[in-house]
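Below you'll find the structure, written out as C-alpha cells, and then a few comments.
Per-chain numbering from 1; labels A, B and C assigned in written order.
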Amino acid sequence: MKDTPLSNCERDFLLKAIEEKKRLDGRQTYDYRKIKITFGTDYGCCFVDLGKTRVMAQVSCELVAPKENRPNEGIMFFNIELSPMASPAFEQGRQSELSVKLNRQLERCLRNSKCIDTESLCVVSGEKVWQIRVDVHMLNHDGNLMDAASIAAITALCHFRRPDVGIQGDEVTVYSPEERDPIPLSIYHMPISVSFSFFQQGTYLLVDPCEREERVMDGLLMIAMNKHREICSIQSSGGIMLLKDQVMRCSKIASVKVSEITELISKALDNDKKARKAGGRCGFAESIPQERITALKMDETPVEMMDVTDRANDIVQKAEAPPQTVPSPVVPAPGVGQVGQGLQNTWGLEEQEESDNSGEEQEEIKTQMKEKKDENRGGDVVEISDSEEEEVVILHPEAPDKLPKNTGSGSHQKGAATTKKRQKK
Amino acid sequence: MQLSTIPPRSYVISKSPSAAKQMTSSTLDRLLFLHGGGVMEVCGSSSVTLREFGCEQSLLSRPDGSASFIQGDTSVLAGVYGPAEVKVSKEIYDRATLEVLIQPKVGLPSVRERSQEQCVRETCEASLLLSLHPRSSLTLILQVLHDDGSLLSCFLNAACMALMDAGLPMSCLFCGVTCAIDTDGQIITDPTAAQEKESRALMTFAIDSTERRVLMSSTKGSFSVHELQQCIAVSQKASEKIFQFYRDSVRRRYSKTL
Amino acid sequence: MAGLELLSDQGYRLDGRKATELRKVQARMGVFAQADGSAYLEQGNTKALAVVYGPHEMRGSRSRTLHDRAIINCQYSMATFSTAERKRRPHGDRKSTEMSLHLKQTFEAAVMTQLYPRSQIDIYVKILQSDGGNYSVCVNAATLAVIDAGIPMRDYVCACTVGFVDETPLADLCYAEESGGVSSLALALLPRGGQIALLQMDARLHQDHLETLIEAAMTACKGVSKVLDEVVRQHLQEVSVLTGE
C-alpha cells in the first residue's frame, strides 16, 4: 500500500513554519517529544513511546557456536523490523533502503561502539557462546524511528537477564530461572542516537523530527553518543551539504540530550526493578492507561457451566450416524482407477460452508440442511491447523438411515475409513 | 573469560536449545499465578474462569484502526489499514482483499504464524462485509506483545476490536475462546502457557455474536466428540462474557459523544 | 589488538607514512569505450573501477521518475577476489547495500541533478582490491568517472578516511589500521565550499576530539582533490592532442 502523499500546500506550510521557528506540535527547535519507557512481562522487553512514535524491543539469547575468527566472543545480532503496522508504506519481508539504513546505524551504534562485553558471553571457548538477538519492532511511525529504536534497544539490553550456566567437566548446564537467578549483561556504556534534520539546504535545524517534518527535510544527521560525551557513531544521510560548524553544534546539542535520556532510562530501569522486587505484576497489561475512555479492563470472570454437559450430550445424541453401507463403486473397466465419478459426493460443498459462516443462509439450503444443521453447528468442521495448508473437511451423511447410538464426527471418519477398506476388498 | 583451559570435547547441553530460547520469559513468575478456581470438573456445576482481560482502542496514530487486547499476560496489538488502494495482482473485482499479517516477537514469521494468519483471515472474512468495498485492500497486522497461552483467541479478539475501531462494516462481531482439556479430562478455558503445555488437547473457537455459532475452529491433540461438544458449549458461554466486554468498552468509548 | 603499534614514537605509521601523509594516488580516466564515463583509481593498494552511464531515460520502474531532477542509481560491489578471503557474494548484503546508499547520497549532493529532469544516471563502482578506505576510494573513482562522462558537478567530491591514535589524527587509513581498532571517520567533501556531503564515523571518540578529526579529514580531502584535478587536466591534454587541437 502506498503512503498518502504530502500535498504542496502542506509542504509549503511546514517549511514556512520552520522558517518562523515554529513547529506543528508546539515544540521549540531543540525539544524532544515526550519519551515514555515501559517494560514487558519478560526480561528484555521494552516499549518506547516517543511522542506518537512507538517501538518495541525484545532481547533473546541462544547458545551457538562462535565465529571462527572470534572464538571467545559472544555474538550480537540486531534486527529492526519495519512492520506494516507502523506505516502503510512498509512492506513485509522487503529490505527497503530505510530498513538497511536503520539496521546498519543500530549495529554501528551498539555493536561497533563495543558497549556490551561480548567476551563475558563466552561459555566454552571456540565451542559455545551466547548469541544475543535484539529484535526491534516498529509499531507506529511518527518520525525519528532511529532514536526511538536506539533507546528501546539499549534499554532492553540493560533490562535483559540471561540464564546462568554451569560447567562441570564436559557438561554445560543451563540453569532455569528457578534454580539460579539469571544474570544481566555487562554493559560498559549506553550509546543513544540523536537525530537532527536540516531544512532549506541546512539553514534550519530541528531536533527529533516528526513524520511530517521528515517528509520535507533535506537531510538527516544522526549522532550516537554516551553520557561520557563520547561519540559512538555519526552518520549523515539524504544528500545535504553540511558545514563543519553545523556538525560541531549538533554534537554539542546531542551531548545534552543524551545525558537527559540516559537519566530517564536509568530511572525507568530503577522503577521497574523496584516494582519487580515488590512482587507486583508488571508488563504491558499494567501499562494501559485506565483513565482513558478508549481503554477498559475486566477482572477475572467465571463462566457458567451449568448445562454444558447436557447440551453436549443432546447434540451428540441428536447427531445422525453415518451410513454403514456404501454404494458400490462403479468400475468402468477392470484395472481402471477412477476418482470422483459414479459415486455421490459426500464431501461438504464450499458454498454451504460459506453461507453458514456469513450467517445469511438462503432458505433453500436451509431446508435441505435442516436435518444436518444441529450437527453442523456441533463442530463437524475438522480443521488441521498444524499443516501448512488449511484443510477444512465437512463430512455429513448423504443417506439418512439412522443407526442408534452411533456418535458424532469421529464415527464419520471411521465410516470413511471402513469405506476405503471395503473398496479395497 | 579463561575457558581455554578446559579440554574441547563434545559438550552436552542439558537443556534443549529451545529451552534456552524460552528463557527470555520469566515464566516462573507466571507459573505461580494459576487461578484459584481455574480448573473444574466438567460435569459439576462450578465455574470455569476467563483470566482478566483488557483492551485499548485507537492507541496508534498511523493505522485506521488499532487495538490492544490483553488476556491475563497474553497481549496482542492489532492495526488495520483500509479500505485502501490494492495491488493489481491482488485485486478481487467484487470484494475487498483482506490480508492478515502476524508478527512474532522474536525472529521472522514462520509456518506457525502463517497458519494462524489463515485462521484469523477466514474468521474476519466471514464476518466482514467485504463486498461493500470492491477492488480495495484491507490489511490487518497483529503483533505479539507477550505470549502466555491462548494466543490465537487473543489474536481474534484484538482483530475484532481493531476492525471495530476502523469502523469497517461487519455482519456480526466475533470473539475467540481457547479451551484446554487436561490429562484428567477437565476443561480449562483461557489456559496459560503452562496449562497449555500440560493439556491433552487444545481447541480454539471463533464464535459469532448473533447466533453464537462457530466461525472457525482450530484444534490440537486428541479428544472425544463428547469433549468437543462440551468445549464448544463452554466457549459459547464464555463468548457471552467477551461480547459483554466488547459492548461495555464500546459504550465507555462513546460515552462522551452520546 | 594492542599488539600493533599504529604510530611509532618517531611518528611513523605501519607502512612508513607520516601521520598526515596520503597514500599514493594513481588514476586514469576513460578506461572503457562503451560506457559514457569511466575511471580507474588506485589509492595505495586499494583499487577501484567506476563506470557511469547516463543521463538517460528512466529504465525499470518509471514510478520513481522525479519531475524536477534526475535520479542517481548507484551500485557498489566488491570483486570476489578483492579480499584475503574469497567473498561469496559480490553485492547484495547489508554492508554493500548501505555503501551503495551512501554513494548515491554523496553524488546526489554533488551532481547538478536539476539539469536533467525525468532522467537517470547510473554509477557502478567495483572494488578490485581492498586495502582499507573502500568508501573514499569509490567516491574518488566515481568522481573521475562522472567528470569523464561530462556530467556537471558543483565541485570535485573527494573523500578520505581518517583515524585517531594517541591524540593524533591519521590520514587515509589502510586495512591494518582500520581493523586495528582505531576510531575512523569517513568524510566526503566538496573542497571549494568546504561542504560535507557525507560524514560517517564508527567507534568511540570523545566529543572534544571531533573537531580536530574533521579538520584533519578536510585537509586530507583537499589533498586528494589536488591529485584528482591534476589527473583531469592531464587527461584533457592527452585527449585534446589526440583530437588535433
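The criterion applied here is as follows: contacts are C-beta pairs under 8 Å (C-beta built on N, C-alpha and C of every residue); 3 or more make two chains touch, one makes a residue touch a chain.
What you are looking at is a predicted structure, and each value in this text was computed from that prediction instead of being measured.
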If chain centres are mean C-alpha positions, then the most distant from chain B is chain C
Of all chains shown, smallest offset between own Cα centre and global Cα centre goes to A
Any idea how many Å lie between the Cα centroids of chain B and chain C? 52
Can you work out the whole-Å distance between the CA centroids of chain A and chain B? 13
Taking each chain's centre as its mean C-alpha position, how far apart are chain A and chain C in Å? 39
Give me the residues of chain C that touch two or more other chains. none
Considering the complex alone, what residue numbers of chain A touch chain B? 1-2, 40-45, 52, 54, 56, 58-63, 72, 81, 83-88, 92-93, 119-120, 122-128, 133, 135, 137, 139-142, 160-163, 167, 170-174, 176-178, 182, 281, 283-285, 288-289, 292-309, 311-313, 315-316, 354, 356-360, 377-379, 381-383, 385-388, 390, 407-411
Which stretch or stretches of chain A touch chain C in the complex? 95, 97, 100-101, 103-104, 108, 112-114, 221, 225-226, 228-244, 247-248, 251-252, 255
Residue positions on chain B within touch of chain A in the complex are 1, 3-4, 6-15, 17, 19-21, 23-30, 33, 35, 37, 40, 42-63, 66, 68, 70, 72-73, 75, 77, 79, 81, 84-85, 101, 103, 105-109, 111, 114-116, 118-119, 122, 126-127, 137, 139, 141, 143, 145-146, 148, 171-172, 189, 205, 208, 210-211, 213-220, 224-226, 228-230, 232-234, 237-238, 241, 245, 248-249, 252-253, 255-256
Which residues of chain C touch chain A in their complex? 94-95, 97-98, 101, 105-106, 108-109, 185, 190, 193-208, 210-211, 214-215, 218
